[in-house]
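Below you'll find a set of structures to go through.
What follows is a pair of complexes built around chain A, which joins chain B in one and chain C in the other.
Let's turn to the complex of A and B:
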């Protein structure tokens, strides 16, 4: 194996694949990158067994071959190399030589046979979607994914594709974010799967907002995104994802509309004096206004008030300020609409103005005061 | 008005209770415990025994040692009697398993000096329960406790206001509350052996050594302590553990036991009107060695279901060897007063049902004993363990609850 490349190309490629390399692992080869050099292409692959990223590297192939190299070590080396052509070659089975100007390294790799096989997806069906649309749907839902390992079914984004409709949903039990999109989607019947946020995060990081199309392949076990020269492979999570449709309230008809950014700031302001564990703020909806309040013994109290359109029964609701501010940050537009029912029922929060073909909805469960 | 606090320490509590109940034990070395010494009397301590010593070793050192299993309800009854005597002096009493703090501030005209109150209290406790207690009097919790410690057992120590710093100066640095084993080791390496020597260390140096805890030590070594007396009993942790009658690798038995132990632990937390946030699970293998792991819940709780769910999740992660277990235990920490509860989109209905079911079970158990109802995974223990009104008969009965 032998090839020539440039510092800038190699740095860019490493930046794309290094995120996946697990910081600690019991399987040493996972700390390495696979260099797969074919006659006309150089591919760099990293994996943590659940998610893998493979991307092409621009360069001139002298001799095909394969080997794995220590990922972070290679990253450090390349970062400090001079801006000159880099010549990488395999000396014997696992010893890799890196030459750049007057600098020379020899590092030990691991034979490529030990590197996990990248899964192949058994399907003929291929789906193409615009990168920008996917990125948007992911960004609008992923923040609500649960990080609680004891609730594995909530650790992913639920993705459903139908011929006329597509949606992504994430929930951690306390809040939920759903993005629906209508249009024409090239699938037969209904497809549903649960994707890890790590893979989706890679998809967002590695693609850009150009109108480039993303190629999606999925079977029962794996999901594969391909775009540009990059491929993200992800093992699907095991559900079952909760039956979220049942918890979205249908008769929340007390509507409160307020300035989204102002409400978010106000929420953060008041949260400074909220309980460190529950982050409780009291949201009091009044005719024409909303008042946010926190009151923690031994700490102090804070209030803030902003104008709002509201003409229904006044009520006081307890929310976790972090969750509330998070939702307000992740919805679009200048104004946010709260669709409420009672102080102990889920509240719906959504942007007032939505694109014609999409619907973004967030749910937030209140805090119940200790008796 | 300066504070005045009385610290009441029950000397060798479990062993003293056993001696009070059975005069034949009076001059014999007595230890209470199972596997290790939970409490031993001063006769036994003079022979070189100490708490937490394995009983096998204790028997070798002291062949005539009387070893008793002990019984929590009996100890609790004795403790409650002493706590009531404390509450007759002042309404502000903070109780623990075998000690209590009584706030005397503002009772001087009523009761006289702290020292005379202490003398009286020791006399009444001895007369009504037969137990020896040590009483310390001082201007803070810390001083009161240290005053008592200096005259243990069966003594009375009082530090007049203004003499705190002089009194604690010569004491070993490890006696200072908040120093403990680890910090004590660090300080002794630095040749700081007494509390007076600790005073010579500048505040910045202590902060560099121990972080924010350094500031607390800086004040404490000068005899200043601002901790107040809280009437509510706020345990640091509530633990339940037992060895199995026969080592077991039967998953259902182990899960059943964890369910039973966690149900008992969480009931204790609930009875105190508190909630727990962190669950710890501990196992020991039959062949020796063990594992433990803990994790915090997303929301504090006083219900069994979330605690059990977490305990079983932890068990899955620590029981990795294919080997039988000798012991299993659950402990709950991060205990505090109830806070606002984050409601859940999917489990709200269930949580509310569990709340009312728990209330109903508690009422039945308070009337007929914990063993009156066996529920959930604990049902798997029915054919495996004997049962009484108090619950299953465990190999290692709990002495603290």
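Let's turn to the complex of A and C:
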């Protein structure tokens, strides 16, 4: 195995693959990158077994071959190399030589046989979706994914694609975020899968701010998407994702509309004196106003008030301030609409103005205040 | 002048005897089930209304009674089961004293329909022990007896009863205990018209346990069998990973007779010693076969306790067989030390499960004790298994304030991802990170709960929690304290709860497990609101605390130790385990033979 490449090309490639490399692992080869050099291509692959990234590297192949090389070490090496052509070659079975100008490294790799095989996806159906749309949908839902490892079904974003409608949903059991998009989607029937946030993060990173299309293939076990020479393989999470449609209230008719950013700031203001465990703030909807309040004995109390459009029964509702602020941060627009029912029912929070072809909705379960 | 002493009329004597035999609805059920079994019944149905006080119906397909025998059965010491004192030595039937029926009859209204193989059947009704009517009534062989308005004529006795739910629980335990004692008899239990379980004859013990108490218990049992000498022991016990917060799931049978026996409880406790976290108890379904002449069942009118002639032999047979079963490969935990999830984490330093107060778990005294560094012995536990230097023993306790100044917080290191080590002016401090964090969270949580009790985080996806009927009744009975603690639950069906809200502030994890644990603890002790909030706090603390094996960086280690030292009671976790030990310079010097 032998090839030539440039510092900038190699840096860019490593950037794509390095953050998949697991920081700690019991399987040493996972700390390595696979260099797969064919007559006409150089491919670099990293994996943590659940997600794998494969990307091509521009360069000049002298001799095909394969080996794995310690990922982080290679990253550090490349970062400090001079800006000159880099010559990488395999000396014997696992010793890799890196030459650049006057700098020379010999680094021990691991034979490629030990590197996990990249999964193949059992489907012919390919799906192309605009990168920008995906980025937006991911960003508007991923924040609600549960990080609680004991509830694996909530550890991903649920993604459903139908011919005329697509949605992503995430929840941690206390709040939920859903983004729906209408349009024409090139699928036959309905596709549903649960994707890890890590893979979706890759999708965001890869496509950056590009407007191009992402190529997607999915079967029962894997989601594979490719974009500009990089392919991400992600093992789908096992559900079942909860039946969220049932918990989205249909008859929350008490609408309160207020300034989104002001409400978020207000929530953060009063949260400073909320209980450190429950983060509870009391949201009191009044005619024409909303009052936020925290009261923690031994700590103190805070109130804030802002104008709001509200003309229904007055209510006091408890919310976890962290969740509330989080939702307000993640919805768009100047004004937020709270669709409420009773203080113990889920509240719906959504932007007042939405794009014609999309609907963003967040649900937040209240903290039931003790009588 | 006539003498002052006279023989009591029979109805008075019966009512006095009733005081011994018929304490509560559960005792009625027990006596009548035993009668049914003694009559050779293969199918027994127990149906009750309102904890059994309103009515208890027991129907069997046993031998039944003839028209002549039926009225006599209600006379005192009338029995078909023994004829002479000698036979007492070898009693093979459950009853024999001839007290049960007349005693029950004297404090209730009874309707009995019975028929033997020849007879046409007889319906007999009694009120306060007096026969009110007798008439022929068709029936196939067997007896159906309905006891109504128990204690209607002894209101004082009624006052000694616990709540309806508690009484129903006891009664149910009696039925369940008999169902486990004889797998060849089918048992059906109906409460308020709703079938709680129906266990067909001939199923395996495990199937019956799963049917009655749920697969959660049934699926985590290992088999106990045989014994080389002495009595034979057979049945099922929990594997050491699947234990419970009380002894409610312990059922013992001696020669097919359900017993509550401290000797047996202790033998099991000893068998599990060193293997369980403090105050965790295994489920036990054991049956002993002992030559009837070695068992004295006549030491108490209710025969709840029995006495064994070779006590030692019984004890060691039980202990040895259980020990063998749980040491077998099937019972070993998958990881050691176990991580995550359950609170039954095994850790090398776990104190033994104390032999504890035996007897009816439901009436057992409170066992939940809190750490009190000034009275470490109040824990009623034994010393930890590892011979840890008992530096937190009474004499050594140092006021927390002074610790803060004595420990060098600038240099706290983690040891084996489990302990924190710091040096101080006077020696070395070793802290168990899990128990220490538990203590910290406990005090914080207590504080919070006492400030604002009952705040409940509502769940977006209410969770169905499978519980056995036992826990379900408790959930109903303790609805108020549950709510005050922040739980919102609703029963759905005979063996499930819908969990709609959890105490605000509990972190991640397994809310269903938390609820179950909490309910089990509620059974184990009654207590006022304050002690309950302490319990929630302890559970929250335990569920939220870092565990052994979690890696902490130096800043986290330091913060943990600092917060611990600021606690009111930094020396024990809320479950009574030590949080830290110290090794003094003197001690170190002594080890180096410098003194």
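The rule we apply is simple: the second predicted complex is superposed on the first by the 369 of 371 C-alpha atoms of A that agree within 3 Å, B and C clash if a C-alpha of one lies under 4 Å from a C-alpha of the other, contacts with A are read in each partner's own complex, and residues count from 1 in each chain.
Following the convention adopted for this analysis, contacts are C-beta pairs under 8 Å (C-beta built on N, C-alpha and C of every residue); 3 or more make two chains touch, one makes a residue touch a chain.
It should be emphasised that the depicted structure is a prediction, and the values quoted were computed from it without experimental measurement.
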Combined model on chain A: chain C and chain B, fit or clash: clash
First, second, both or neither for A:298, with chain B first and chain C second: second
Partner chain in contact with A:82 - chain B first, chain C second, else both or neither: neither
Which of chain B and chain C A:318 touches, first, second, both or neither: both
Superposition clash, chain C against chain B - the stretch among 3-11, 39-47, 93-101 or 237-245 that is involved: 237-245
Touching both chain B and chain C, residues of chain A: 148, 150, 171, 173-176, 242, 244, 247, 275, 277-278, 280, 318, 320, 344, 346, 363, 365-371
Chain B contact footprint on chain A (complex, rising order): 148-150, 171, 173-176, 242, 244, 247, 275, 277-278, 280, 318, 320, 344, 346, 363, 365-371
Partner chain A, residues of chain B touching it in the complex: 277, 295, 298, 300, 309-310, 313, 337-348
Residue ranges of chain A touching chain C (in the complex, touch as defined): 146-148, 150-151, 171, 173-176, 242, 244, 247, 275-278, 280, 296-298, 318, 320, 344, 346, 363, 365-371
Complex contacts: residues of chain C adjacent to chain A: 340-341, 444-445, 447-448, 451-461, 484, 486, 488, 501, 504-505, 508-510
